[in-house]
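These notes open a run of structures that come right after.
Same chain, two partners: chain A is paired with chain B first, then with chain C.
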Partner chain A sequence: MAIRFRQVSYSYPGYGFGTYEAIRDVTLDIAATGEFIALVGQTGSGKSTLAQHMNALIFPTEGTVEIFGSVVGPKRDKNVKYNELRRKVGLVFQFPEYQLFEETVEKDVMFGPTNFGIPEEEAREMARKALELVGLGSQYLRRNPLNLSGGEKKRVSIAGILAMDPAILVLDEPTSGLDPRGKKTMMDLFRSIRGATGKSIVVITHDMDLVYEYMDRVLVLDRGRLAFDGTPDDLFRRNDLERLHLDHPSTIRVLKAVSEKLGIDLDVYQKDIASAVRELAKAVRP
Partner chain B sequence: MKNIVIGQYVPGAGFFYRLDPRTKIISVIVLMVAVFLLGTILQVSLAFLAVLAVMLAGRISVGRVARGLRPLFVLLVFTFAFQIFLNREGALWVAQEMTVGLLSLSAVVVWTILWRLAARFRRMRSLFLLVWLAGVYAALSFLPAFGPVFARYSFEIYQRGVETSIFVVIRLLIVISLSTILTLTTKPTDLTQGLESLLRPLKKLGVNSDDFALIISISLRYIPTILDEANKIMLAQASRGADFNEGKLVEKVKQIVSLLIPMFIIAFKRSEDLADAMESRNFVPGKPRTRIHELAFGAADLVTAIVTVLFLAASILALVVA
Partner chain C sequence: MSFLDIRNVSFSYNQKRMVLKHIDLGVDKGEWVAILGHNGSGKSTLAKTIVGLLHPQEGAITVGGIVLSDETAYDVRRKVGIVFQNPDNQFVGVTVRDDIAFGMENLSVPRADMLEKIRFYADKVGMSDFLDKEPSALSGGQKQRIAIAGILAMQTEMIIFDEATSMLDPSSRRELMDYIRELHDEGLTIVMITHDIEEALWADRLVVLKDGAVFADDTAENLFKRPDAFREAYLELPAALRIYYEMEAAGDMTPPLAETLWRLGSGR
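Let's turn to the complex of A and B:
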């Protein structure tokens, strides 16, 4: 296992109001290869805090996180090379505005690799490859990252992490603020990255349609606690989704409504629109 | 950044929360003036006790104010040391010949290394600091001049030096505590409204107190936001391997640039958004505005004013008698 959370709790220090416990007693394992994990939960449930533990950006208040064999506990350990962990587990933040700063897209994507001591020419090559992977061709290299559109900025920020060639990729709401087509392209991109490299990918999202259609595993956080860890199929077959502040994917909702309204028997658990349509067609033309 | 209590408003209820901000601002200024009129250790100590009593009466946690003093600890220590070493009046209390030689210097170096090693045990840091200071003092004073001697120094402490340093530190403590009480119990919006109201007479001189108050309130409002944003940017860049603690100077500069540019961009964007939001709510610069909560003096303000005036009178009296 590449990342092991063992009874991890994290409290944010408050301004004299005591502390705010963002995650509590979380225990989970993430493998180094082949995983495609969705991290879901309502706003303020601790998703981002959990993600920031995965590359040792913040240290747990209690418990330990083991990242590729290095144990990250509440105290800074001089024997652990935290920067190395951040290279192994690439974390992309939600808002690209927080990291884009260079004059050109190419230089900005090179920032990560050069920080890890990769020679300039090699870093340039990695940046080019990463940009290509996210679908930004060579015409973007000389552009100013601050003048790009929101979706393009997002891609550049993802490329900035991909260029470091991390073993695991963690993305904080990569699809927020994108149009439906942009979301699909982004998720197809992650699927192709995983297909091509076998790297595990963790995605924070609010979009249950994407979770159902793309992911193999879901982690549900509810007020800081890990409330569910399993496959999307198992999650969406549960009857207590509302208690977890989650909703069903649209395919399930539509098919459920249709089967209840018309009193016909349908297999409502269809992962994407195409299979949902096929299921409906079956009911219409038996 | 987590322990900044100076300038931080903490919601609560109590005597000071009910006061009109204008009363608080004027009282704090008057009391500071009064404290600066005092001339002896006894007087400032009494004043300090009075401030503590006022804090307790107003149910303000002394511990919280003390925690707020922590960032200023260096300043206090510096002031104390400065006064004690440079003031050479009154009776001579301590006179110690010191030798800065090869032996004593190397002893100090070894002792310092030991101290830094011991300082890893965080719990007893202040104790270790004292032990270290004592050790340095002993090494410089009592070790024989063995080998080359670089300098001889007469370490002297005078009565007046000790007195003034205690005096100055207590006075500083009072001033800081008073302003902490003010900011701890007054909402930034109330504070600026109070300032605006107090500065209104200056309008005749061409100073626009409304604009001034607006500038202050917006700045205060955005301090936590920008701190929060700086923290997020730092984490985002740390994710890309920017290590703000280690590395060569050139790398450090580059990493600070990677922090500053996003911060400026976000700050500009925020200010544009704010301007739009204000305009869409029909804010017109320079036009008079009404308030939901008008400031009004109450009985508590009267009590505070009386206590403040009494305190000022007492310190003037003390000055005149002396």
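Let's turn to the complex of A and C:
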């Protein structure tokens, strides 16, 4: 396992009086390769805090996080190379586009590798490859990142992390603010990065349609606790989603409503529009 | 002339690429208009030109009879406020109270008057218990409500929501939408920029932007009858209607199914 959480709790200090416990007693494992994980839960449930533990950006208040063999606990350990861990687990923040600052796309993506001491020519090559992985061709290299669209900016910032060749990619709400087509493009992109590199990818999202259609595994946080760890199929078949503050994906919602309204038997658990249509056609054909 | 009247407005950041191309658009008092469009279609740029944050190279914008210019920008901002996507980018005060006061301070509202208005509008958005809290301690939905209170306190007649719900989780989103509906019922004019087609269904009218130009301007019911237009504008129909059109194309539709899917999709 690449990342192991063992009974991890984290409290933010000084929130008014006392502390605010953002995550509580979380235990979970993430493999280095082949995983495509959604991290979901309502605002304030601890998703971002959990993600920031994955590359030792913050240290647990209690418990341990083992990242590629290095144990990160409440106290800083001189023998652990934290910077190395942060390079191994690439964390893309929410709204990374606000962090673009160079004059060209190329320079922005080169910033990380150059910062880690990689020679300029090599960094340039890494940047070019990373940009290609996110679907931005060479015509983007000289453009000013500030003049790009929201979706393009997001892709430039993801390329900036990919250029450092992390072993695992963790993204905090990479699809928020994108139009439906942009969301799909972004998810297809992650799928293809995973296909091309085998790297595990963790995505924080509120979009249950994307979770159902794309992801293999879902982690649900509810007020800081890990309330579910399993497949989207198992999650959406539960009848206590409301208690977890989650919605059903739209295919399930539509099929459930049709089934009730018309009194027909349907397997409502269909991941996308095409399979929903097939199921419905089967039911209504004479 | 409409309350908000946009005539032949064009804008470009760098002269090379036009972000807005000859936009003509009117919004009447008390109306609720949704603006939809793909990323980069010019929605947010349009919103910023309406409140005078960006200056179009061509055309004219009139709000409540005032023609927008550098000299009138302050007067226009009293009539129309804007709530942005990221609630964290619009907070300036140390406490919620300071934040609601900020806009009024710029308008030199007398202090006694201001305190009363803060109480009134904080209560109106259901946040009067939070006046002494730090904005950073609030949830996303609560932050957006504080932003709305600050705008309402300036006696604004119209609010532009620029993807204001896109960062919220489903329950805060529903709560904010219910609240916007209440404000609309009380007569507030609403322009809502959104990617969420189900949210756009709450509006009286949908304006679709494509590549910086107005591509369509109609009711949801009428627009939904043109699935090709939706595809052309890179938008997605609600799931129920995507199923509707695919069932129809496959020849598997029955009248009761058609009616049910259409109702589900168009929110009727």
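One rule holds for everything that comes next: the second predicted complex is superposed on the first by the 281 of 286 C-alpha atoms of A that agree within 3 Å, B and C clash if a C-alpha of one lies under 4 Å from a C-alpha of the other, contacts with A are read in each partner's own complex, and residues count from 1 in each chain.
In this text, a contact is a pair of C-beta atoms (placed from the backbone, for glycine too) under 8 Å apart; a residue touches a chain by one contact, two chains touch by 3 or more.
Remember, it's a predicted structure, so these values are computed and weren't measured experimentally.
K.L.:
Could you check whether chain B and chain C clash or fit when both are placed on chain A?
P.N.:
clash
K.L.:
For the overlaid complexes, name the partner, chain B or chain C, with more touching residues on chain A.
P.N.:
Of chain B and chain C, C contacts more residues of chain A.
K.L.:
Counting only touches as set out at the top, which of chain B and chain C does A:Gln99 meet: first, second, both, neither?
P.N.:
In the superposition, A:Gln99 touches chain B alone.
K.L.:
Using the touch definition from the top, say if A:Phe111 reaches chain B (first), chain C (second), both or neither.
P.N.:
In the superposition, A:Phe111 touches chain B alone.
K.L.:
Applying the touch criterion given at the start, work out whether A:Gly182 contacts chain B, chain C, both or neither, answering first, second, both or neither.
P.N.:
second
K.L.:
Quick one: classify A:Asn83 as touching chain B (first), chain C (second), both or neither.
P.N.:
A:Asn83 contacts chain B only, not chain C.
K.L.:
According to the stated criteria, A:Ala276 is in contact with first (chain B), second (chain C), both, or neither; which is it?
P.N.:
second
K.L.:
Same chain A residues contacting chain B and chain C, which ones?
P.N.:
15-16, 95
K.L.:
Can you list the residues on chain A that touch chain C in the complex?
P.N.:
Going by the criterion above, the answer is residues 15-16, 41-44, 95, 147, 149-152, 173, 176-182, 206, 209, 245-247, 250-251, 253-254, 257-258, 261-262, 273-274, 276-277, 280-281, 284-285.
K.L.:
Of all residues in chain B, which touch chain A in the complex?
P.N.:
For chain B paired with chain A, touching residues are 2, 4-5, 8, 10, 64, 67, 229, 232-233, 235-243, 251, 255, 257-258, 261-262, 265-266, 269.
K.L.:
Per the contact definition, I'd like the list of chain C residues that touch chain A in the complex.
P.N.:
13-14, 37-40, 85-86, 133, 137, 139-141, 163, 166-172, 195, 197, 234-236, 238-240, 242-243, 246-247, 250, 252-254, 256-257, 260-261, 264
K.L.:
Considering the complex alone, what residue numbers of chain A touch chain B?
P.N.:
Touching chain B: residues 13, 15-17, 52, 55, 57-58, 83, 86-87, 90-93, 95, 97-101, 111-112, 115-116, 146, 160-161, 164 of chain A.
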